[in-house]
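Scrolling down, you'll hit the structures one after another.
Each of the next two complexes has chain A plus one more chain, namely chain B in the first and chain C in the second.
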Partner chain A sequence: MTELRDAAILGGNRIPFARSGRAYARASNLDMLTAALDGLVARLGLAGQTLGEVAGGAVLKHSRDFNLVREAVLASALADDTPAFDVQKACDTSLEATLAVANKVRLGQVDVGIGCGVDTTSDAPVALNDDLRKVLMQAQRARGPADYVKLLGQLRPDQLKPEVPRNAEAATGLSMGEHQAITTAEWGISREAQDELALASHTHLAAAWDRGFFDDLATPYLGLSRDDNLRPDSSLESLAKLSPVFGDRETGTMTAGNSTPLTDGAAAVLVATPEWARAHDLPVLARLVDAESAAVDYVHGHEGLLMAPAYAVPRLLDRRGLSLQDFDLYEIHEAFASTVLATLAAWEDPEFTHDRLGRDEPLGAIDRTKLNVAGSSLATGHPFAATGARIVATAAKLLSERDDWEHGGRALVSICAAGGNGLVAIIEK
Partner chain B sequence: MPDLYTRVVNHDVGQRIADLVGLPKPAVLRRHEPGQTLAAGPVVVTDGATGGTLAATAREALAAAGVEVHDDLADAQDVPRYAGLVFDASGLATTSDLAALHDTFHTTIRRLGASSRVVVLGRVPAECDDPATHAAQRSLEGFVRSIGKELRAGGTANLVEVAADAASGLAAPLRFLVSARSAFVSGQRLTVSAPSGTAAADPERPHDGRVAVVTGAARGIGAAIADTLARDGATVVCVDLPSAGDGLATVANRVGGTALQLDITAADAGAVLVDHVARRHGHLDTMVHNAGVARDKTIAGMDRARWDLVLGVNLGAIEAIDETLLRTDAGRAVLGADPRIVCVSSMSGIAGNRGQSNYATSKAGVIGHVAALADDVAAVGGTINAVAPGFIETEMTGAMPVATRELGRRLNSLSQGGLPVDVAEAIGFLAWPDADGVNGTTLRVCGQNLLGA
Partner chain C sequence: MTTVDLDTLPDLMGLLAGAAWSALPGPLGTSAGDDVGAGLPDTRVVVGRVAVGLDETADYAEVCGFRLRSAVPVTQPHLLGFPLGVWLMTRPDFPFSLLGLVHVANRIEARDHVRIGDEMAVSARLDGLRAHDRGTVFDTVVEVARDDRVVWSSTSTYLRRGPPPEDPELRPGDDGTVDDGHGPAAAPIDLVDPAALPYTATWSLPSDLGRTYGAVSGDRNPIHLSAVSARAFGFPRAIAHGMWTTAAALAGLGALPRPCTVDVVFKRPVLLPGTVEYATERRDGPTGTGWAFGLRSRDGTPHLAGTVTTG
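On to the complex of A and B.
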């Protein structure tokens, strides 16, 4: 087998993320993904070029969008003969897509490609009532008037109620927040700790925008030039006033302030070989070196829905011969503040380490000043499939900004997902 | 696309009504399209007097650009209409010599066709030691400006003053002024101050292989500049504020260039720009300072913030970036062998405008900036010039009240507003490699507007 090549991250782009029903209320997934791709193409000067692959996807998807990414490529400034495919893995979608492209790059199957993702909760698919759909399908097969009369008799008024996508697990019927509330209570994550993490996310993101960090990572869209979920003037006092929205309405600790809101947005990241980068005069920001996925059995109550990364990280560390402390940056997706805190607590907990991971020594604590230093999903919002590409681009640029990293410039990316999935990755300068 | 009124009076019925009522009749101007001939037909090049030194150069330059050049007027049966008249007035040394202007134009002007080009070639009056010669050469300006107002059907008239020993610098300006690229340039005096040390550029793609930076490229005139430079072969780095990034990306992708989201008033803007161009493109050949803002108020009602913003963007940022380009090691390293800097001034900077004291101050400052830096830029093999647009049809003028807009549009010899591409073509010309004879000047693109003329 040939030697693996480096998968260099050369740049990223996203449109500012918008809370559901606001700035992008009339934009489709195709519109937003095309805008994110076009911004990336413009920044890197790739108009009219053919890339090896574009992989991406959306979580909330119309059936007509089965080829969403390919359609976006056709609508974008990229050459029309750039191949593309769709991936769908809940909140891990664009990290998995980026990994797919990076793996193709590493294997020598392509020299350059894009990983991307998009989601809208404002233009979500609303489907026919399932009962009505079955009647209509039978009507397609009907022969003669008698069959039609029979089918007419099957129509009921309640079949007019459409199928609306729900943020709930198919296997349990519980929403993601309700699942996380169970985990939060199990790990005894305090309201104060969650609010502090949320505040840090807003503070860090505001500072990043203010210092121009996103000048080459974001392109305005539909009049929005910053994430509209960002509240730079947020405070612990204002966060403390919010009522719990998940778990017990009295004693619960998860509020709208320390949970991510429904969000619209799109993000993309370009991955190529260092040779391709040199040939196109593009500086390399960082490299995607490895990744690991895991899943947990949340259905039977054995583990929390969003805890899979707690299992994936130790396996990845073992393979790379690293400790949890060998990182300069940690990018842990803030689905909920308590998700991050429960994951960190698990890595420090001897019982979890012994019983769940089957290991002797806990991974230990991380230096919290290295966590989500340019803000994360609590502040940006979380368009499910776009989050991975946002995080990869942010981490890569952060690493590229300094030469004096203690560990040479190494970031851990961790993203939990619906279905008990989780995907983690290592990015190095 | 011409404005509605222009389209109406160029239509059968509209034309008849306009004739009847005596309304102005703006022509649809001939504009550059790739592949078109430089001139719409033959051009006659006339020696004004013995002792003239420029006719031969003019003939050679036009012939090299594929123009059919006539030394004398052909019979009207053979050539009913000429596309242009180039008159070498450099030999006119006395008041009585000026009669040559009458002799030629009295008969020839009726032979000029639509969108015709009159170019009078003269000397720099201040260089003429003999008082009579100085006066005669200075007279040309009044003559040309009048001809500009007499020409019909989109014709333009311009004067090119050529300094002693600078005749070879005439070719590029002459090509520009005879071509459709100068559709909205009329009644102007352009000075050729130095000979050209560069071979004539490919007339179709004069910017081939060159890298251009255009600020304020997200829309309007800036977008047209990016389009025009790219059409003529340049790789364009499109710069605009991060908040204008979506329009910027559209333009950058359209021209196959790169988008750089940058606030040009930031302290490190010059360094960021230089670093981007050096890394991505290796060299910077054309720097177009187009970004500008207006915050109109009469001076009594204008707060300091409006003043500071307009002066900061329209003048301060240009000075700072040019300082980086010319006086830092990184800046000088990225400049190509024959760099071109082109700034965008404004008619307001020449004529002044009520409610625009901040804007006019900044735009007049730009005229001073290019004059002041001309020698420094020449020292690194380049030129720095400005264009001063008059009434140009943009989103901004489209938002003006109808009466103000109509008035603004018609107050020039062509009775119409210019298009963003007209400004872009003039900038493109000043950035041609062989336009190296023109330095430190400001060229108006105003259709010979009455304001500040």
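On to the complex of A and C.
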């Protein structure tokens, strides 16, 4: 077996994220992903170069975009003979894609590649009504006029109603917010705690933009130079005024302020061997060291839809011989404020630890000052497939900024996803 | 040379309608005769402040096949200069009838990106009236400047075929010798033979392509709109806009760096609806990457020959 090589993270790029139907209302997934790739290519001097692999994807995807990433590569300034493939794993898409590239790098299959993702809710695929689609499929198989007459009789006006993609689980019919409302209530996550986390996200993201942190992580696109969901002047008072949007309309705690809005955007991250980085005179920010995937049975098993990372992290820690406290930074995707808080609560809870994880000791609490220190999805917004690459690039750059980390510079990345999936990873300086 | 400052880009629809009216043959038209001896109007027309918006860029990119970027497609500033060129070519002191002209070649020098929302100054002038073995050619020279620096310029070469008028479908642009050799596009592009380039793709062009591109470009010349209106000007069917074929061919090359220079020669018109082959070949030169590209019928009849040089 080949000795594993390091998967170095050399840089990342995203376009500022935009709330649905605003700055990027005219842009397609292909447009945005090409823009994110070209920004990365321009900043790191990759124009005309052939990379080993580009992996990425989108969650809301037109069927014509089955080769979305390869098409984006062809439209980008990368060499046209750069291979690419699509991945689709809900909110984990670009973390899984980056991991795929990193694993190829580690195994010696490629020297350099890009993990990326993009999503738009402004140019979402709207499909033919399923009844009508079935009639049309039958028409293709029809033989002779009699068959066609029969099929004509099956056409109904209500078949003109198109099939619009819904942010809902196929198995339960519940939206992600409705699922999370159940988890939020089960864990007794308070409205105040959720609003505080949301406020911290906005405050941290605003400070990061202000100090120029994103100058080499983002490229302006279509007139937008900052995430337009960011509310730098947000306050606990203004957040407290919002009405619940998920769960019980009276007693519910999840609002538009502590839930992520539908967002358009794209992000990409460059992964290579340290040797490749040296040869191309690019600094290494950090390394993608390991990852763990988990899923929960949210359909029959009574576990929360977005709780898979709570299971993945202890397994990853065991494999690496680490404790939850052995990290300098925690990047926990803020699908909802209560998702982060329920995950943290689970790791501290003896009953969950014993009954669900089958372990004796809870993982314990984390130092909250190390959590999402440059803001996260509540403030940036969450273009589903773009979030993983955004987080990896952010974590890698944060680690690269200091030399005096207590644990040598180690970050935990945790991203929950639709379908009860979750993916977590360790990034080290 | 006198300079005329306009506040906004002139209304193409009005200019073209007037030109179409006067060009119509028969009792309705007023068909003024050519007066080459008077030369071209010695006038430069300028619009000092103009910007390209997001929606028009998105529409243009979609129709031509470009990705939507913060910078507008390399061919899009042509839409700023075209109305100014038409404004000059519909003045009383312009010696020809606008609708009798054939766009035979075009050069674009894109020195820097033009971004959506950039405030720019656009100017146009007519220049280079010269003899051609098929008649007379001249250039419309357009310059787009940002902060007093020219970032994009183009030279559109038009042919006024010598009398008597010949069947345009048989004779437009001829064999690539677009002018007498002094035109800006003559030298490198003569070497590009669309029939000899490697095949890249087949394009099926719909019958409404001229109307679609006419809507985003404002160029609603009747020869592009429908078979009926095109027949009035001697074409058997509507023909695709030359600048659409240019734009679509360049869109197929992916991201082009700046600076770059694009040369195209329009050979035979593309009739709509129609099927053409798109052919491309990398031609890297001493200063950077480059391309030769072309459009041809499946039997090899050339429609468009082009080159891109960068650096």
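Here is the rule we use: the second predicted complex is superposed on the first by the 428 of 429 C-alpha atoms of A that agree within 3 Å, B and C clash if a C-alpha of one lies under 4 Å from a C-alpha of the other, contacts with A are read in each partner's own complex, and residues count from 1 in each chain.
Going forward, contacts are C-beta pairs under 8 Å (C-beta built on N, C-alpha and C of every residue); 3 or more make two chains touch, one makes a residue touch a chain.
Everything numeric in this text was worked out from a predicted model, so none of it was measured.
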{"item": "Room on chain A for both chain B and chain C (clash or fit)", "value": "clash"}
{"item": "Which of chain B and chain C A:A27 touches, first, second, both or neither", "value": "second"}
{"item": "Chain A residues touched by each partner, larger count belonging to chain B or chain C", "value": "B"}
{"item": "Partner chain(s) touched by A:V245 [first = chain B, second = chain C, both, neither]", "value": "neither"}
{"item": "Partner chain(s) touched by A:G48 [first = chain B, second = chain C, both, neither]", "value": "both"}
{"item": "Contacts of A:A218 with chain B and chain C, given as first, second, both or neither", "value": "first"}
{"item": "Partner chain in contact with A:I182 - chain B first, chain C second, else both or neither", "value": "neither"}
{"item": "First, second, both or neither for A:L74, with chain B first and chain C second", "value": "second"}
{"item": "Colliding region between chain C and chain B, picked from 366-374, 402-410 or 438-446 after the shared-chain fit", "value": "402-410"}
{"item": "Intersection of chain A interface sets (partners chain B, chain C)", "value": "35, 38, 47-48, 77, 220-222"}
{"item": "Residue ranges of chain A touching chain B (in the complex, touch as defined)", "value": "35, 38-39, 41-45, 47-48, 77, 212, 214-216, 218-222, 225, 281-283"}
{"item": "Residues on chain C engaged by chain A in the complex (per definition of touch)", "value": "54-55, 58, 61, 67-70, 116-117, 254-255, 257, 289"}
{"item": "Residue ranges of chain A touching chain C (in the complex, touch as defined)", "value": "26-28, 30-31, 34-35, 38, 47-48, 74-77, 80, 220-223"}
{"item": "Chain B residues within the chain A interface of the complex", "value": "238, 242-246, 248-250, 252-263, 266, 279-282"}
